[in-house]
Amino acid sequence: MKPSVETHNLTVIYDKKPAIWNIDFTLPTGKIIGIMGPNGSGKSTLLKAIMGIIEPNIGYSKLFDQDLEDVRNKVSYVPQRQSVDWDFPASVWDVVAMGRYATKGLFKRLSKEDHRMIEESLSKVNMTPFTNRQISQLSGGQQQRVFLARALAQNADLYLMDEPFVGVDAATEQAIINLLKSMRDEGKTLLVVHHDLHTAQDYFEHMVLLNSRLVAEGPTSEVFTKDILTETYGGTLTTLSKVASVLQEKDFPMRHK
Amino acid sequence: MIDFWIILTASLVATTTAILGCFLIMRKMAMIGDAISHAVLPGIVIAYYISHSRASFPILIGAAASGMVVTYLIQFFHQKVKLQQDASIGISYTFLFAIGIILISLFSGNVDLDQDCVLYGEIAYVPLDNLSIGGLYAGPRQVWILGTTLIIILTSVIVAYRKLVLTTFDPAFASAMGISVVLWQYYLMAGVSLTTVVSFESVGAVLVIAFLSGPAATAFLLTKDFKKMLYLAVGFGISASILGYYTAVWLAGSIAGAIATIIGLQFAIAFIYIQFLKKARISETLENKALTEV
Amino acid sequence: MEFFTEILSFFTFSEPNVKVVFWGSLILCSISGLVGTFTLLRKRSLIGDVISHAVLPGIALAFIIGQQKNPLYLIIGATITGWISTYLVDYITKHSKIKNDTAIALILSVFFGVGVLLLTHIQHSGNASQSGLDQFIFGRASAMNMSDVWLFSIVGTIIVILIVIFFRGLSLLSFDENYSQSIGFPNELLKLVLSITTVTTVAMGVQAVGVVLMSALLITPAACAKFWTNKIIPMAILAVVISGASGVLGSAISYTYNGMPTGPWIVVVVSLFAFISAFIGSKNGLLKKHLQRNKNNTKILRENTIKLFFNPTTLGETRYNFEDIFAKSKMQRATLKKGLNLLKSDKLITVSNGIFTTTNLGIEEAKTIVRKHRLWELYISRFMHLQPDHVHDDAEGIEHVITPEIERELEKELDFPTKDPHDSDIPY
């Protein structure tokens, strides 16, 4: 069985971005996987490095045993909600339609099939009544659902989500997690950056615990232990941060492998 | 007839800039237009001096060269020596603009530019500079140049529409989809540079900015659909050109200045209208609440 | 030769007018440097741009109303429209979905357009005393007179006094507006002080440099100062000195070459100061970075070369000829030669008859670098849960960065280990 995501020695050390050091793991398919850690532990950085948005200093990652370039149509990225200007003059439908652009290139018109997929995605997130609503008029939870619908419209096998539950009301959160579970049941893999320890055990069957470096990775039952959580949330490795600051201050070259 | 040519020239500038402006303001890049329009000055002056003519091609080359210098300078200050971005842009384009003004002084007499014209153009002269093709009167040269530019820009935007919209709205998602955000950024910048340079002669450096930011901003206030915003912006730009021209005639003042003033008025009216709407909506909501609570 | 006599005559005030120009530029530019420091720190460099363009309609209106070219009226007019423009930018940004940069571009160009419309209207109405109004657009310090200079001095002194009085508040505001609010500082008052001083400075300054280039006078001196210091008081002082000097030099050049506008020359001079500072400045200066990189590379080469001389069994002296040590290393010939020369001059090895022998110093150095490498390997394998075969490459890069302080910390955290992940000894 091909792993969904594999990273090898993934290291990102730039100024002003949370650093990640030597991240090395192999993740299974068909599960909802949580990425957790304290603020500044590099969770978003990790997702962005896997998606090719940030170039790692050292190391690489593979998706379904291939390079990102070869499997883009199988991967969907849901960025943090605040990375977008919600005042943009677009309707809910317009945003979800963006999910179909990947397969359409510059010119091809959206087909009947595309339209059907967009409508289906909207209905799966219960946003059909809002189809023509302008996105600035949506609540936080509704905006998140629109993002999710866009991702669904891509019809990918692997979904990478950055903090989908931030600033979302309880009812929406419940609806989203139910949707994620049904996607998992269809065989999709979901990699979710999350911030709330209280819900982690309910939501995730597999976890990656991060604190600038990999603290632990494995089935939730194995890694959600007191010792591991203490190591994750109990403070940064000071030596690591000292080395990182010397690197940046003295402008040392890093080798790229 | 002269009226017509002048208004047409202004409308051509207005249309091209309105379209580009919609993308620029959504990308929070309105001031980049300002920087470019100032920074191309030395390149244009040198081109004028070398070619001894007002031919467009050398001007474009000169402007492009100038544009590359300013881009390099901004990168140097921001990336290499880590100066904050607003200051990097400010230092670079004011330096180049200063050099441009000095060059104009230096070459005065050899170069058919004067300082005032640089800042606010002289669109009134446009109908006097006619083009002849094969001996036939073909209308003012500027109209041909601006018309061609409009067609180029329009085509480029239509062709790349989806990519431009996507990279404007959600660069992270676009990047994740394999779209090169940087490429489309440069694409847009090239369009803005081209437009600024060709509009220089008719409306000057500072007023191009009014054209780039004003109609688009007014349209943004009034609509929730990006396509409609584009159409509205063009509409506002053209109407400002017409009204501005007649205002300038009435006040015996600069045409470009008058058009910019009208652009400002359009924005002000739209802004006030929106504020009224907001207040009306709020009191309506409060009324409804009061009714339902009874 | 004539150039020098001209310049000299400027600085010796041989013409009465020169005294005016000298003092006028000096005062105007110095004040801009001071006020611009706060503008830069608050990352509002673009607002300076807005104000300088927005003073134009004020000047034109003041002339239309007052029917004369009285500098006081003109400055008041300029200050009013300048202030309105900053207010509008903030108001629009706050009360609509228009973003800050769009508001800036819009207000800047529209106000300027109104100004241009009014100015051209004035010019065409043939009013004789309006000639020279466009000195406001491009600046002509040589058109100043003594009463102008007195005005600048008085207003300038008031501005300086205000800034000195409120210095602490202004510094905190620039650094952390939210914190300043939370401890009860009068933020609105401070912002008002800043905006009024900035607007007034611009209103006056446009006479020397003109409208378009005024923003340069606000930003560039302060940016230049930033390459030399991180502390706000030295930064402000340096900005004042740089801008004052640029004002004087720029006017001197413009005076020497008749017909040259003052504004652009002042801007060119201050920009050159900024470029030079970017190169040789002690904070983020390019030269410093370059020197640091060279230092790094030398260190890396020295350590990589001495590492080759490490003897794992005896932990003592080793000797090699060139070919043997070359075979052992993965370097290019030329690089190795360079490294060996470094070791020789640092007295880490001695050379005789083509044989390189480690000195005591060299032995210690080799042990140290190997120790750092192995400590790091152990650290990352223990704390990052990496497989032993992954750790070597990482340590190759990081070993050079480990300072003695970090080394001691590593030893402590790993509890003074004796073996590395590959089970080799760690040499102490």
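Letters A, B and C name the chains as they come in the text, with residue numbers starting at 1 for each one.
The working rule: contacts are C-beta pairs under 8 Å (C-beta built on N, C-alpha and C of every residue); 3 or more make two chains touch, one makes a residue touch a chain.
Predicted model only: the values in this text are computed from it and were never measured.
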Geometric centre: closest chain by C-alpha means: C
Pair of chains ranked first by number of touching C-beta pairs: B-C
Per Cα centroids, the chain farthest from subunit C: A
Intercentroid distance (Cα basis), subunit C paired with subunit B, Å: 30
Between subunit B and subunit A, distance of the C-alpha-averaged centres to the nearest whole Å: 38
Subunit A and subunit C: spacing of chain centres that average the CA atoms, whole Å: 37
Numbers and ranges of subunit B residues touching at least 2 other chains: 220
Touching two or more other chains - residues of subunit C: 97
Shared interface positions of subunit A, touching two or more other chains: 136
Touch list for subunit C against partner subunit A, complex: 97, 289, 292-293, 296, 379-380, 383-387, 390, 393-394, 396-398, 400-403, 405-406, 409-410, 413
Touching residues (chain side subunit B, partner subunit C) in the complex: 25, 28-31, 33-34, 38, 76-77, 80-84, 86-87, 90-91, 94-95, 97-99, 101-102, 105-106, 108, 115-116, 119-120, 206-207, 209-210, 212-214, 216-217, 220-221, 247-248, 251-254, 256-261, 263-264, 267, 271, 274-275
Subunit C residues within the subunit B interface of the complex: 40, 43-46, 48-49, 53, 92, 95-106, 108-121, 124-125, 134, 137-138, 212-213, 215-216, 219-220, 222-223, 226-227, 259-261, 263-265, 267-268, 271, 274, 278, 281, 284-286
Of subunit B, residues touching subunit A in the complex: 26, 159-160, 162-163, 166, 168-170, 172-173, 175-178, 220, 223-226, 228-229
Complex contact set, residues of subunit A against subunit C: 9, 11, 21-22, 24, 58, 87, 136, 213-216, 237-240, 242-243, 246-247, 250-255, 257
